[in-house]
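The structure follows.
Residue numbering begins at 1 within each chain, and the chains themselves are lettered A, B, C and D in the order written.
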Amino acid sequence: PEEDSGSGTAASDFSACMVTDLGGIDDRSFNASSWEGMQAAAKSTGAKVNYVVSTSENDYVPNITRLISQKCDLIVSVGGLMAEATSQAAKSNPDQKFAIVDSSSVPPNVYGMEFNTAQSSFLAGYLAAAMSKTGKVATFGGLPIPPVTIFMDGFYEGVQYYNEQKDKDVKVLGWDPAKPKSGSMANSFNDQAAGKRIAGNFIQQGADIIFPVAGGTGLGAAAAAQESGGKVSAIWVDTDGCVSAAQYCDVFLTSVMKSVAKAVQTTVETAAKGQQLSGSYLGTLENGGTGLAPFHQFEDKVPAELKQELEQIKQDIISGKIKIKSANQPKSS
Amino acid sequence: MSEQTAPSEADQTVRQTPEKERTPQSGRLRRLAAHVAAGPPWVVTVLAIALALLVGAVLIIVSDSEVTTAFGYFFARPSDALTASWTAVSTAYGALLKGAIFNPGNAGSATAALTPISETLTEATPLIFGGLAVGLAFRAGLFNIGGQGQLIIGAIATTWVGFTLDAPAVIALPAAVLAGIAGGALYGGLAGWLKAGPGAHEVIVTIMLNYVAYLLLGYLISSEVFRDPDNPQPVSKPVAEAARLPHLLGDSLRVNAGLLLAIAAVVFTWWLLNRSTLGFQLRTVGANPHAARTAGMSVGYGQIMAMVISGGLMGLVGVSQVLGTANAHNALTQQIDAGLGFTAITVALLGRASPLGTVAAALLFGALQAGGREMQAAAGVSIEIVTVIQALIVLFVAAPPLVRGLFRLRGDGGAGTGLLAKGWNG
Amino acid sequence: MSATLTPTSTPVAGTGGDRRHWYVGGAMILAGVYALVAFGLGSRTDDGATAVFNLNMVGDEAIKVPDLTVPAGPAAVALSLVCVAIGVLRAALRPSGVRRSLGTAVYLAAFVAAFLVWAAAGHNLNFTSVLNAMVLAATPLILGALCGVLCERSGVINVAIEGQFLVGAFCASLLASISGSLWVGLVAGCLGGGLLGAMLAVFANRYLVQQVVLGVVLNLFAAGLTGFLYERLMQTNPDYNKTMAFPAIDIPGLSSLPVVGPVLFGQNVIFYITVALIAIVHIGLFHTRWGLRTRAVGEHPTAADTVGIRVVAMRYRNVILGGLIAGMGGAWLTIGLNITFNKNMAAGQGFIALAALIFGRWSPLGAVWAALLFGFAGGVSVSLQPLQTPVPTAFLSMTPYLATIFAVAGLVGAVRAPAADGVPYTKG
Amino acid sequence: MTLELRGITKRFGSLVANDGIDLEVRPGEIHCLLGENGAGKSTLMNVLYGLYQPDAGQILMDGRPLTINGPRDAIAAGIGMVHQHFMLIPVFTVAENVMLGDERTGPPRWARSLGPLARLGWSGPVGWLDRRRARRDVAEISSRYGLQVDPDALVADLPVGVQQRVEIIKALIRDARVLILDEPTAVLTPQETEELFSVMRSLRASGRSIVFITHKLKEVKAVADRITVIRRGAVVGTAGPEASERELAGLMVGRDVRLTVDKAPPAVPEDAEPAFQVRDLTVLDESGQPVVDGVSFDIRAGEILGIAGVQGNGQTELTEAILGLRPAAGGSIRLDGRELTGRSPRQVLRAGVGYIPEDRGHDALVADSSVAENLVLDLFDRPPFGRRGSMDVRAVRANAAHRVEEFDIRTSSIDAPVGTLSGGNQQKVVVAREMSRPLRLLVASQPTRGVDVGAMEFIHRRIVAERDQGRPVLIVSTELDEIFALADRIAVMYRGKIMAIVPPETSREDIGCLMAGTSPDAAGPPEGAADSQKDAAAKDGDADE
């Protein structure tokens, strides 16, 4: 809906419009983050922003078309599933500016935003392995697709790195990059009950840290962790869980952030200022496009030593000393 | 054969009905008014739509924050509340009309002016196939709630042929379409066979088959055979350019050759039901299976054929989803069904399971869908309201006495949807 | 001219009662042989792998039962042979009645056990946790099926359980969040389901709308309405949609029993109400005046009318009562599971509840068993995911649906609904 | 207790089923309501019992007006009714059926022994069923009036005669002072009918009144104290039991009836080869019990075999087996030397069998389809109606116009749904369809059920015409009059067997005995009874003299 941005710095007649993916505007994941970024940009530039929801894939094309006819200056589509619809629209409307979250750019008038979250997930894996008391950590996905499994790959590699460094044998339940077919998947991004079932099962298998990569489905995992009464914790994904799902903050060890909001905000701001958007954006540990969130309630429980190790690993990844193998990483452009 | 022996006494038993009193015919208008007041089906349908839109308006009002604020001081300044309500509703429904039929603001170019109509027709296309499918099964006494599954299997088949077959359009397109029909028909036929043979109720079986198809689809789109290696998303390889349904009115309007297929399907279904021996058999099996059997028809065969054809028509929904302009990929995705298998049921109900009624119902629902998007984009009213309105229309149409009662029409208490789907034992 | 009790059902197509034993027995043998080859003699079990079944829930430190460790290969072979043997007996002896049901039950148990042994070979599987997942998944199905029992036993087909779940879940979450009281939420959830039940009752009994169709339309209506209100109310204000849940209550003594303790005696209050409702509906239906009348109205409403029973009133009452129960099933989905409301969150469970009702032949206890079976299949498919079985997740998730198809198509035999189910009652 | 109906009028749409009917039932009398099928008898009683609300009129009890809004009011006023179509729930036991609506409730036995638990509210709307007391009450009534039943039997398992007893017990247990029996004898053998009459007499002796509905004159004369005759919804006369059958019949049908059809003796040589042969035919029901049990008979071309018997003795199953609608468990069916056993209904019809099923609404017609379509229901895919998958609508309509004319079907249009036609005209549609193609055999079950006299004569004449053209005809009817009017030979069925095949001159009483399963000693079995029926069938050709 139309969001008037009364308190903008400069009343601008720039308008940015967003098309959500099927998760809807409050998926506590990339749709929500993108919208957050849109709103932030509205505040800072006075641009008008609004969004339309897609309730089925049939909505992608007409939603984009409708926004074009509404004369939006920038159309932001959220999610790689919309890549095709966006690039087709871009091709037939070469003067219209587009941006897309979670996809690289194909036509020149589309600005792609991608995130190498394997890097931050690697940190999360290392952290989880170090924090686990039972020697078992777990992860599951929403669907077996690269934007999801990239997190799981990074997480897995981080745990393996910890095992190598410390000569330990922490196990990862739910994901093995070598056997992607039998990874744990909820087959949904908004089925909390499924998330709870899967997490409950991991807990019963002995895992005490769970990393759900499944949008809203993950809330069920957080609920399961909360019910364990402090024995199990979770690592949230995409956003800082203590902000987007504050009711579960006490179980979030940290979050693997994918700074969609930031990227979208910058994109809209750049466009609103009339500057050229070209190529695409790749969020990394280096540029802050992805990273670990603060530990919040675990601040005191994470040993200082471990924090240092994490900082070191981060530098090593940035410098290329640690190579992440995941095949799902965006091909850097 | 034998001598004509009508007994003369029998003539006396024919009761003489008194001549109908002739009402003075004072103008067409009065006759029309009398006709409307009698509440024939079309009037009931129109009123049902009005009533559903009314309920929708109430929902828009009560859930609009500005309006509810204005109602907060209703007694101080009632005009505010009323104005706010009026604004909320008129903006929303105005946008609905603009999105579905014509937007005066966009009348500049022919393309822009035609866009709403093109959108409506594009949305209506799969609904026509689906409505025909469900309606045909209804006529044979079967409730095909398995459209979701059939259209998914149809879509899988059409996609597979679409990306494997490397041929010119004259071959590729028909082959892909036929594959979709065959996929849906087989899957529908499976439910029909389970009904005709072991006697498993089609409602339960088709619901279960929906889940199976959905899970199978999820498996396939991430399998080696289907998965598009160039796409990070769980999307199949796109079908070849040659196998896609061409646009009818230029590339910027979405209406495509699927509409022509839909018209062909309507003609075919009408012929099948009204002019073919198979259709006669299906209708008889649906209306009275005992009489059908006594007359030498095979009830099981009729049920299987009905589900095969119904499934084939549902397969065409999958075809139009993949080969048409609904999805930019022209490929399989997890949500390829877009809920059309269920919407089709409401279309068939509103269309009273007749081919022409189905077309009208599909156009109406297509318009609501297309307009609903505009309503969402321009007036910020959630598109979910369209589902509510669709459900209410069907509910009211199915209960003519309710509508007649509310509008004080005389009516004859005539049948609602008049559909033949039976209970569990039927 | 003549008065005869018309046979209540004349099957249109003859059912080959004789050949059925052959088909079923043959299918059982085939599946047994398959189990033997795939589970017993396959590569997963051949090198002396053992399957470990944990019987303690993590977190329940009080109870300790030793893990069950079985040699996977021999166990799977033995269990598969049991399956084959039962199949042979079924085809050869053509058992009927209790013996046939018993045979089928043992067969299923052995087959599933063989599968589990195979799947767990070289790994460990927490069996108690599978049972717990089964109970959690089965609870809403049981409530939905009990709703179905009430409606359909009195002659109104209820396909709208799915919609009742949605409305119940929505109302429960909304009212619990606003009032801060879970009990208010629970009551609201029930009332929400009851409201949809009332709509079903009015349109079915007063406007004589074909009931299967009506249910489908009501489901759409409920999905649209809750989706719309969710977007307009809850999305803009998360305070209307908080995570809240009834705490688990351990029944003293019983909850520390091994295996069944935590599963049956350590759940929250909605679960205990569900258990009570199973008993109440079963006893009510078969041992009380209300039950006798309910069944009469569903079997032969005219006969019930002639002895002074108010058929339509009875139907209204039972359909609304059923709605209240289904609404509670909806409440379970939010405030029973500690989950916030989400669009379409019932995710087809209402239809599964309907399947459980039919699978259970319209009897409350039968429906409970069927619901547990579905719950078990769901629990197992989740638990097997981390065991790295070669079966893709999608196919594991299909099992409950395929099982239902097999059940309605053959194993259970011809199931018959109450004779007047779905037939509106009108008098001259 | 005197019950009076004054000016009762009941309409169904435009049809006036009851037209200002007055009726008085005095205490302790058996009042007979006599009328043809469709005269409005059941409607009137349903009004009295509260199932229908009258459009006009009044019900008085002992002179005071009585409002009856539903059966519960009628029951409270002491009215009981045994419906024409039994109102029993097949899956309930006898005791459950009897107590339904008037349930016995109380604490269960285990609670009774627990002291304080026994005082809980065990009765009330959700009261605990006291099955023992229900059983005891049933046993008590059944022994008091000699109505033998087992309270624990499932109703579905009981023969109709016993079901009727359950219905009577249901009324008596509610202490009905006025008992309505709607055509109770239609399903009974002559012997069972006699037993029912003695029960009725003993009820009368206990001061109850009985309204007895029938259209069988002999029964009226046997039990009635007073008689009211209804025709076309109106009372056309009252009489005492002394009125002659002829007078009553005249009142009932409004003119002299002559239920004989003019027909010549069969024009077939008596030693002619049988055109249609049934040998040792056995048909099983759903539970595997034989319902047709080793039946054999022959029909020669140009001959009508009538099958008499009380409803439910396997006649339906016999005809359905001939048509291939039910599998035969044994035996053979041959038409003109060709085997029909094991053929599908379609093949049987194609072999030239015409079939008029007993329940036209259920088995023969599609109510919502047009008259024209119903007239081609079994020929729709044959030229000229159907060719290569498509139908010629013009041919279908032309056929309909021709048949409507030929068979005098009264319909507003050939496009009218057949369900809007009157019963008699619906039956004519079935007859027209089945006789419109060349036949080799005609099987007609209850060909004139629920049909008025004019249509009945017409249909009978058409059936005889088929015979006269040299076709074998099989008629099944539960109306002895119809059998006597049509049959050249009569086979009597009882419990799935053919008791005997007798000539049409056999007396009513003898056939009544056979229908009840006893062989009439006096008449001397012309062809033996059940044990020798195979021989009988084999040589019945010469038995006709």
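Following the convention adopted for this analysis, a contact is a pair of C-beta atoms (placed from the backbone, for glycine too) under 8 Å apart; a residue touches a chain by one contact, two chains touch by 3 or more.
Worth saying up front: this structure is predicted, and the values here are computed from it rather than measured.
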| item | value |
| --- | --- |
| Common touching chains of chain B and chain A | C |
| Chain whose mean Cα position lies farthest from chain D | A |
| Pair of chains whose C-beta contact count is the highest in the structure | B-C |
| Approximate Å spacing (C-alpha centroids) for the pair chain A, chain D | 76 |
| Mean-CA-position distance for chain C and chain B (Å) | 31 |
| Between chain D and chain C, distance of the C-alpha-averaged centres to the nearest whole Å | 44 |
| Mean-CA-position distance for chain C and chain A (Å) | 36 |
| Touching two or more other chains - residue numbers and ranges from chain A | 53, 187 |
| Residues of chain B touching at least two other chains | 215, 218, 290, 293, 382, 384 |
| Set of chain C residues in contact with two or more other chains | 11, 231, 343, 392, 394, 397, 419 |
| Pairs of chains found to touch, sorted by chain label | A-B, A-C, B-C, B-D, C-D |
| Chain A to chain B touching residues, read off their complex | 1-2, 22, 50, 52-53, 55-63, 65-67, 69-70, 80-85, 88, 92, 103, 143-147, 187, 328 |
| Complex contacts: residues of chain C adjacent to chain D | 1-6, 8, 11, 14, 17, 284, 287-293, 295-296, 299-300, 302-310, 419, 427-428 |
| Sites on chain C touched by chain A in the complex | 54, 57-59, 124, 126, 128-129, 132-133, 136-137, 231, 235, 238, 242-243, 245, 333, 337-340, 342-343, 345, 347, 378-379, 382-383, 385-386, 388-390, 392-394, 397 |
| Of all residues in chain B, those that touch chain C in their complex | 59, 63-65, 143, 145, 194, 196-201, 203-205, 207-209, 211-212, 215-216, 218-219, 289-290, 293, 299-300, 342, 345-346, 349, 382, 384-392, 394-395, 398-399, 401-402, 416-417, 419, 421-426 |
| Of chain D, residues touching chain B in the complex | 255, 323, 325, 344-350, 355, 357, 362-369, 373, 377-378, 380-381, 386, 389-391, 393, 406, 408, 410, 435, 452-455, 457-458, 461-462, 465, 469 |
